[in-house]
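Every chain is named by a letter (A, B, C and D) in the order it is written, and numbering of its residues begins at 1.
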Amino acid sequence: MAESTETMDDDAGAARFAELLANEHRVEPTDWMPEGYRKTLIRQISQHAHSEIIGMQPEGNWITRAPSLKRKAILMAKVQDEAGHGLYLYSAAQTLGIERETMFDQLITGKAKYSSIFNYTTPTWADMGSIGWLVDGAAICNQVPLCRASYGPYGRAMVRICKEESFHQRQGFEILLQLMRGTDAQRAMAQESVNRWYAPALMMFGPPDDDSPNSKQSMAWNIKRFSNDDLRQRFVDMLVPQAEILGITLPDPDIAWNEGRGHYDFGELDWAEFHEVLAGRGPANAIRVARRRTAHEEGAWVREAARAYADARSTERIAS
Amino acid sequence: PGPVADYALGLGDDALVLAQRLGEWIAHAPELEEDVALGNIALDQLGHARSMLTYAGSAWGKTEDELAYFRGESEFRNRQLFERPNGDFAVTIARQLVASVYFDSLYTALADSTDPTLAAIAAKAVKEVDYHLDHSVQWLLRLGRGTELSHERMQRGLETIWPFVGELYSADPFAEGLDGVAVDPRTLQARFDDVVPRLIADASLTLPAIPFARGGGRDGRHSESMGPLLAEMQVLARAHPGAKW
Amino acid sequence: PGPVADYALGLGDDALVLAQRLGEWIAHAPELEEDVALGNIALDQLGHARSMLTYAGSAWGKTEDELAYFRGESEFRNRQLFERPNGDFAVTIARQLVASVYFDSLYTALADSTDPTLAAIAAKAVKEVDYHLDHSVQWLLRLGRGTELSHERMQRGLETIWPFVGELYSADPFAEGLDGVAVDPRTLQARFDDVVPRLIADASLTLPAIPFARGGGRDGRHSESMGPLLAEMQVLARAHPGAKW
Amino acid sequence: MAESTETMDDDAGAARFAELLANEHRVEPTDWMPEGYRKTLIRQISQHAHSEIIGMQPEGNWITRAPSLKRKAILMAKVQDEAGHGLYLYSAAQTLGIERETMFDQLITGKAKYSSIFNYTTPTWADMGSIGWLVDGAAICNQVPLCRASYGPYGRAMVRICKEESFHQRQGFEILLQLMRGTDAQRAMAQESVNRWYAPALMMFGPPDDDSPNSKQSMAWNIKRFSNDDLRQRFVDMLVPQAEILGITLPDPDIAWNEGRGHYDFGELDWAEFHEVLAGRGPANAIRVARRRTAHEEGAWVREAARAYADARSTERIAS
């Protein structure tokens, strides 16, 4: 009896789901959705949340040393925004029936993935510029189409996040611009940093299309809207003129305008490097998760106290 | 404007050094919400610091950054409470509670200053500080009344911070002769005595009975935590003298 | 002398940065005997660093202090293990165990260098490192087999440090072309594989199975803990350029 | 029965004890001694041990920032010597029937005293010089006579300690000498530091003789050999010519050679300040004990592990 009801619901639900996608409407938490769709979204949204949380660290590294109070304030606000993004993304994922604690646990036990870009380190202040300009820039290219993602809570979270990210990107650009207009040492610092971040930022779009097995299904479900390579091209096309304004050299001698394609050509990326970092052998993989785990473990007594206090309060309220 | 600038510099240093300490928490907090909350408080404090340092600097032709990055330890005037290390979360909450009660009463009084700049900075700051105070009080209650362990740590946190309370309410040498412009911190003591013992009792905690430390922050005397704090804060700016960022 | 100096500088930086970290323990150790023991190890490491930096500097007309205090982060060549933060006592012991096994085999081999200065420094250092190794092994056993809590923390300590083991035994770019003079760290790997898994098993602990981090310390690539370490170490010397102490 | 034996022993012991003192011989742990003598020694030796342990902090503060590697090495060795002195002094006190744990517990719970001088802070590098020259200098004046203290283990510990202290004092003098021969900023740093440490160092000999109630009995027991004021005078007489060599000004305008007395006159000290610091209101009282307590508490699991391991090993040995 229960089973046949489910089947009937499934059939009706599947038809309704297909119709929503066909009409470019949003799927909402109460709508029927295929298990694969739900799982894909949970994976993608929670990975995105984790990336925001882990992404606090490479920039957090310079809060105490920011070279002007204005930059310190901007950086603090940015890192705080990242925590905020992590929080709304966890909420969006929760609407799909997974607990935040479960996701967070996957993060700190090293079971969940997050964007590999955050396994690179920030040895210089100029990296605050490069992260904003290149990493946030790539994130925006990835994320703007996600504002139209079929799943409502995700799409809406992305609208808010994209607005803040584009602000962050501009701030990063400004950091680099100020350095490029500064002393020789500052210019060298900016160039050296862009040299380190450029290729990893391009790899943020994921492996080449031929090599990206999950992309097709995600596109069919209106989660992903453009292929990895399309997004990467769009990003390079955006960067080249901005680099000219900065007076900075992108570390790829093969970059050249291709009149025929109407796009910039660019060189092959070192995918072996990408897979190395993905496999845990990047510059900071070992440190990022451990740091968050340590913070979580050292804070356990605080969370327990808050729970105990809340429980006691609700008991009081019931009793009174 | 000299004397007012001197006064503003002290208040600015208090806020700056506290913001620096709070900034150390980011990505280390016990939960994400606290990364956000402590970050908010740090940002507000940094905002107050910038207003005060900019105002002080305007009298001397110096920017906020020249003041923040190119003074030595003995030229910093912050009171020692603000430079105390973060310790565990309970120490940070104890420090923030004491700081917020102080700032709340200070800025409330300073909003009536006859100096319009100080009055305006204070009027804006007091609203933010209200939130900081609420945050500290909530955590004081949660930790004080939460578990046995949290109770013990919160009590220890209060004891760790207590010696630095006295200095806050002692005379501010730079407030002297600025009647109506500056606030004499001694006039704020009554409010502390009215509010804090009650909050501590509400949280089932005990008011510490520990002597106050000597202080002297306004005269450039700091505890041994101050040197490393400044070394880190100033290192990049000092490596590139004259650079803009 | 150029290439030998470059090689010596890398070894000197390894020892210097480790000494700096160990120096942070002083007056914080779990018992007074450990304040003494960690201080001893720090002093020995600092001695090795000074010998190596003095030797390196002699090729370039630079003093040990010019090298220690007036290079930037990207000019430091220490491998990343040595800059890892102290963490709790178990992390420090894990780091020291790995460091001591490495130094022990390195200095043993280097004592046969055809470069008489390197050979002399190594011959003296190896005796001291024997003691450091013994100290780490004793604590590995005590913590691994002590209580449930200490076992868990020692295991976590090994896991925290493990990613930085690989770099130690990877090629040293400054050892290349110095056959007979320098030691190729890859030749020391067998000794590590022979000794360390056995020590870990003796302590009832599990050999971590964690990928190695990328490293790159010899090329000036460091983890994010390095900047604050240098900020503190160099602050006073840099505030008084050219001064003698 | 037991009582009368004790009384007999007491009478014989007291006679023997008096004889030892009269002949300037050492009292050893197995000798009979009056309860007051034992208590006075326990108090004095444990306070001295605590002072060494707490005294590690003001200098430990500069280990990570020492401005040359040579100075860093010297400072590390010195702070380590202080830990060593603490350890032998605890051992000497243990021969009087008190456990080290008991003493350490008195220290970290704030029940025991230690030298108030260590409640001053070390904001500048020059303080490493002043502590060596002035604080260790005063300590030596105090301690050299203690090498002849009637209690054997204490006197012998003091012989070793004094040797190292005089080495430390020379190092402090050298730090100041180097600063005084350096740049203007260095000279100013040295003078400013000596200005802060001079009076507190003079107060290390304790209150004026009229105001020092325990001194007389200690002198009768051959523990203390000179009065506070005598020692203070001896110290000033030593400092003045050394200050001249340094080219540093001692911050007391009343210092003047008194031909008649054959000593330097010097000004009144501010004893209110002394009592303030003694009462816990010095610059660092609140921090010193708390830091050692924190280290002790955070290290509890380490000490427990060491005990558990030692117990298991001894069980194994018995079983095998």
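Brief remarks follow.
Keep this in mind: a residue touches a chain if its C-beta (ideal position, glycine included) is under 8 Å from a C-beta of that chain, and two chains touch if they have at least 3 such contacts.
Please read these numbers as outputs of a predicted model, since none were measured by experiment.
The interface formed by B-D recurs in A-C: of the pairs listed in C-D, A-B or A-C, only this one shares over half of its residue-numbered contact pairs with it. Simply put, of A-B and A-C, more C-beta pairs touch at A-B. Separation between the centroids of subunit B and subunit C, computed from CA atoms only, is 39 Å.
Between subunit A and subunit D the centroid-to-centroid distance comes to 59 Å (mean Cα coordinates, whole Å).
Centres computed as Cα averages put subunit A at a distance of 36 Å from subunit C.
With touch defined as above, residues shared between interfaces to two or more other chains in subunit C number as follows: 227-228, 231-232, 235.
Counting partner chains per residue, subunit D shows two or more touched chains at residues 57, 64-65. Every residue of subunit B that touches subunit A in the complex is listed here, in rising order: 16, 20, 23-24, 26-36, 39-40, 42-43, 46-47, 49-50, 53, 64-65, 68-69, 88-89, 141-143, 145-147, 149-150, 153, 232-233, 235-237, 240, 242-245.
Listing the residues of subunit B that touch subunit C in their complex gives 72, 227-228, 230-232, 235, 238-239. Contact residues of subunit B toward subunit D in the complex are 73-74, 160, 162-164, 210-214, 216, 221-224, 226-228, 231. Interface residues of subunit A, counted against subunit C in their complex, comprise 57-58, 61, 64-65, 121-123, 276, 279-287, 290.
Within the complex formed with subunit B, the residues of subunit A that make contact are 53, 56-57, 60, 63-73, 76-77, 79-80, 83-84, 86-87, 125, 175, 178-179, 181-183, 185-186, 291-292, 295-296, 298-310, 312.
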